[in-house]
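Common to both upcoming complexes is chain A, partnered first by chain B, then by chain C.
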Partner chain A sequence: MKSLKNAQTPAHSSPSFLRWGLLGLVLLISLLLPWTLSPLWIRIATEVLMWAGLAQSWNIIGGYTGYLSFGHGAFFGVGAYITGITMLHLGLPFGLGLLISGMAAALMAVIIGYPTLRLRGAYFAIATWAFGEMIRQIATILEITGGAFGMQLPAYLNLPFFYYLFLLMTGLIYLTIYLLLERSPFGYKLLAIREHEEAAEMVGVDTVMIKIKAFGLSAFFPGVLGGIYAYWVTYIHPDSVLGAVITDFMVVMAFLGGIGSLWGPFLGAGVVQLVNRYLWLVWGEGTFYLIVIGAAICAVVLFIPSGIIGLLESQIFQPRTAWKEIRKKVKW
Partner chain B sequence: MELFLQTLIDGLLIGGLIIVVGIGFSLCFGVMHIVDFAVGEWVMLGAFTGFLLVSYFGQDPMIYLPVLFIIFFVLGWAIYPLIYRAISGKRHNPVLMGLVFTFGLSILAKGGALSIWGYHIQSITTWLSGKSLALGPITIPALRFSGFLFGILITLLLMFFLYKTKLGITIRATAQDREMASLLGTDVRKVGALVYSLYAGVTGMSGILIGALFSIHAAMGVKYCTLAFFVVVLAGMGYIPGVIIAGLILGLLQSFVGVYVGGRYNLVALFMVMYGVLLITPKGILRRGI
Partner chain C sequence: MLLESRDLTKAFGGLVAVNQLSMTVEKGTVLGIIGPNGSGKTTFFNLITGMIPSDSGKVIFNGEDITKLRPHRIARLGVGRTFQIPAPFSKMTVLENVMVSSFIHTSSMKIAKKKAWEVLEKVGLDEKADFQVLNVTLEDRKRLELAKALAIEPSLLLLDEVMSGLTPVEVKSAIHLIRQMHRQGLTIIIVEHVMDVILSLCDRVAVLDYGRKIAEGTPQQIVNHPEVIRAYLGERYRARS
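Then we have the complex of A and B:
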């Protein structure tokens, strides 16, 4: 009963014209952004867009379905490498490479998910984590990936092109999530699985199939984003695209923003990436950001499990109810 | 043939240490239903604490084993309330929250260790290092052998504690049916705290042996995390006696792959085995997991 009461449902409180207007404004600003910013800031904006897409794709399986994938970075890396291989060794065009990358990532997800998604969530978390580690090791062994030295893609230095490409892809991801998970039976089935799996099965949801589909979908997008990333940075190696830190970032972004919500991962990605870049500008390269990520994950789990979006959706900004809402949302 | 026998012995000896890492982890999962992603980090912290103790106070690392156990027992006791908070309370998916929390803890510990010690590789030497027993054509390194003995000893102690003492029976009852145990007057929270501290103590303590056997560096946790995961999947999650067999199998697998295929294929081989086990008998090779 408790779990049902606390189930997160999309809030429809604010008037819809306001929401659509706001969305339109954000889109307009993001379309005009490359004309006004310096290259450094375009770069950062591009990264924010990429991470927003990645965090949202993690959110499909982690937030909406309630199965934690701790090896999601592997799909990103696989996408990056496959795009590189199709362009370098097979001579295929970039767009086709992206499609193949996405498909390959989704196929891998189905293979991993098939035995593990019928078990408890802990098995899935372990298996995906181990899968991520294995893929990194394979990338350093194989010759076609260039081993530990990595891979040099044909250079295409056009920052606004990649900005728009990431904008398009991330926009597509959010549109897909909105249509498929917020507004269709598929999404309701996923929520049912997250809230009470036995009950969902009882009322006739083919839980295993639905979960495998969701996992495949959530792996397809990182595959494509990884491909774009590879072409953008032109040089990839196992640590840069397959490092465990990619998964760490996806998890912290989705959680900080609020899992299982449409805009949570976007907010989380913005906040985390801006803080990360700020730390990077101030302190340079280091490992300190790992402490910040880890502490942030722990703090969010302990104190604001519904994330930033949970705080925003409550009436926390109205003076009369603020204290009550804080007491409700910030667990102490 | 000699190589084969040597590989066999090496594998069994390593298996002894894998059992220590796996057994606390399995116990912890059995009681709290939480996969502790920080298991490798406990090993790493144990190794570093041992290294610091040795470099400050001298003496042989082996005498610090009980000290490490106490340090990590206290540390586990201190951290447990946070984990308990994460897995209980008004959250709509406690298990998920617990998983993410330990995941965050492991990143925190790894980041801390990397920031303090960097990527330098340290090592500990004991009076056993470099000594070995010769049994005909095969040699048994004394350190590995003592690690194996330590593993067996810890396992026996834990088994005795779990199966013969009243407290141990309470722990097993809690693992079997949490609600029923709490109805019968068990303080489930205290049992959880005890189990988590025991697990942290044992795992941290094994860190110094692992550090003496191999090397100590801040990113070493990943390897032991993987091993602990494979052990419990093979053994069946939460089934303690299975850990012994699974640990030995994994030790053998690791050493045979290392010798006959190549050390870099280790993780790939381990993953294939785990995938096969999950596909065929998801409850572990003895079909006794939960």
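Then we have the complex of A and C:
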């Protein structure tokens, strides 16, 4: 009976000391990175960290809960602008500005989530997309945001500072997801909602409340990250922090890495951003990379819907089973 | 009286699925509901559990008007249900599925896991606790439906065709299971097409046709009721018995 019980436990579950060791190693490398890299690559590493945080934030509502938000970039932009406004016009310290940004983004998510999270499928996606567009239009016409010209923040040119700040924030995001979504009732309820919302209600899950909380949480982090980004690049305008491309990248990275998983968005962000920057270094400024990434996404959605993480978690890297696993995972 | 519906009505467009249905269920009894397809049995369940709003009428549970309550509140009051087509959380394990129900009473992972295990043992699914739901058979999915409903520790259990699609042997063990739960004091409403199940489990049987109750009584009264034979059982059933 014991063997039967364990028949379905995934074979990939490596011993926990190995996992923690690997995690420790990655953290150590991340901490030492700024001493070994050129400023260009520190910049790229910083971007990877930021996108890893953003993709994971989207993953809370899009991956774990199954509600595709196509307006998530708005929370990033709102965070960027609010941090700018609190520093420029209210003279508040940067840290406090970040906190206000995160809370404002979360509050917005709660307000728009209350009516729209009752809409399933495409309707929620369209509603959030419209919300994102609305925020962009508002930022373009308001005086306090600098309108279409944008906003100049006080300059603080200290690349390692921003690298470590993003490392801290993204680390916090992943820790939160691990504790709250992978190891607590809240995460189980989110999965239940994603898998069968009505059945979840029948066993006492307050689906509306849980979804609103998840949406608020998934907006809080982009708000903070947006604030850090604004202070880092010192100049923001509606297209740079509220462009549709911000949302697109969050979605694309989460999907490529594997939605609904802890490390998927991180891998997705790393791959997409590195490829993106590599193509940029080779071909210079352009939009060709979007075509490459678009093609990659089509391939992932069609052939490996569980993303990179799904491939890694299968036994694909054990020589004997590799071919069998590929046949199983990849739909021809 | 544990559950009472008063003149409950629900129409979908021009179709009146449940028509002024009044029904009472005494504590500790098993009520069977039978009727042709589309006679409003599942809709009746959906109205009780708050899954769809009623057009008019009332549902009283344990003396409390639950007509307007949201489904999760009704579940917390102690109404559990199973779905006719099993509705598991597919990408979770069997144990995790049941744990979601256990969270209704506790927010501790440890206690939820322990309680879920107990329920799985009760329905005979403990050996498959770590299986992904995608990998279990239809019978086990039906058992899982039951486990999920039981794990909220309900006082009223609504079973929607838990036997359909099962083999005679599986039906027998399911009947045994339901009888056991009934002995432990659970009040049960069963919607079922398999007459043997209704006859061997129910204290009372209600017959629905076009959303109306056309008969109610003991199983023996029901199988001899001319209206019921005409609308549902058919002449051949009378001939056989």
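By definition in this document, the second predicted complex is superposed on the first by the 320 of 332 C-alpha atoms of A that agree within 3 Å, B and C clash if a C-alpha of one lies under 4 Å from a C-alpha of the other, contacts with A are read in each partner's own complex, and residues count from 1 in each chain.
To be clear about the criterion, a contact is a pair of C-beta atoms (placed from the backbone, for glycine too) under 8 Å apart; a residue touches a chain by one contact, two chains touch by 3 or more.
Because the structure is a prediction, the values reported are computed rather than measured.
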Touched partner set for A:195, first chain B, second chain C, both or neither: both
Partner chain(s) touched by A:185 [first = chain B, second = chain C, both, neither]: second
Touched partner set for A:290, first chain B, second chain C, both or neither: first
Touching partner for A:129 - first (chain B), second (chain C), both, neither: first
If touched residues of chain A are counted for chain B and for chain C, the larger one: B
Which of chain B and chain C A:22 touches, first, second, both or neither: neither
Partner chain(s) touched by A:207 [first = chain B, second = chain C, both, neither]: second
Footprint overlap on chain A, where chain B in one structure and chain C in the other make contact: 6-8, 195
Complex contact set, residues of chain B against chain A: 29, 33-35, 37, 82, 85-86, 89-93, 95-97, 99-101, 103-112, 114-115, 118, 222, 225-226, 229-230, 232-233, 237, 264-268, 270-271, 274-275, 278-279, 282
Chain C to chain A touching residues, read off their complex: 49, 51, 70-72, 75-76, 80-81, 83, 87-93, 96, 99-101, 103-104, 107, 109, 112, 127-132, 135, 148-149, 151-152
Chain B-touching residues of chain A, taken from the complex the two chains share: 2-3, 6-8, 66, 68, 70, 112, 114-116, 118-123, 125-127, 129-131, 133-134, 137-138, 140-141, 194-195, 244, 248, 251-252, 255, 286-298, 301-302, 305, 331
List of chain A residues in touch with chain C within their complex: 1, 4-9, 183-185, 188-189, 191-192, 195-196, 198-208, 260
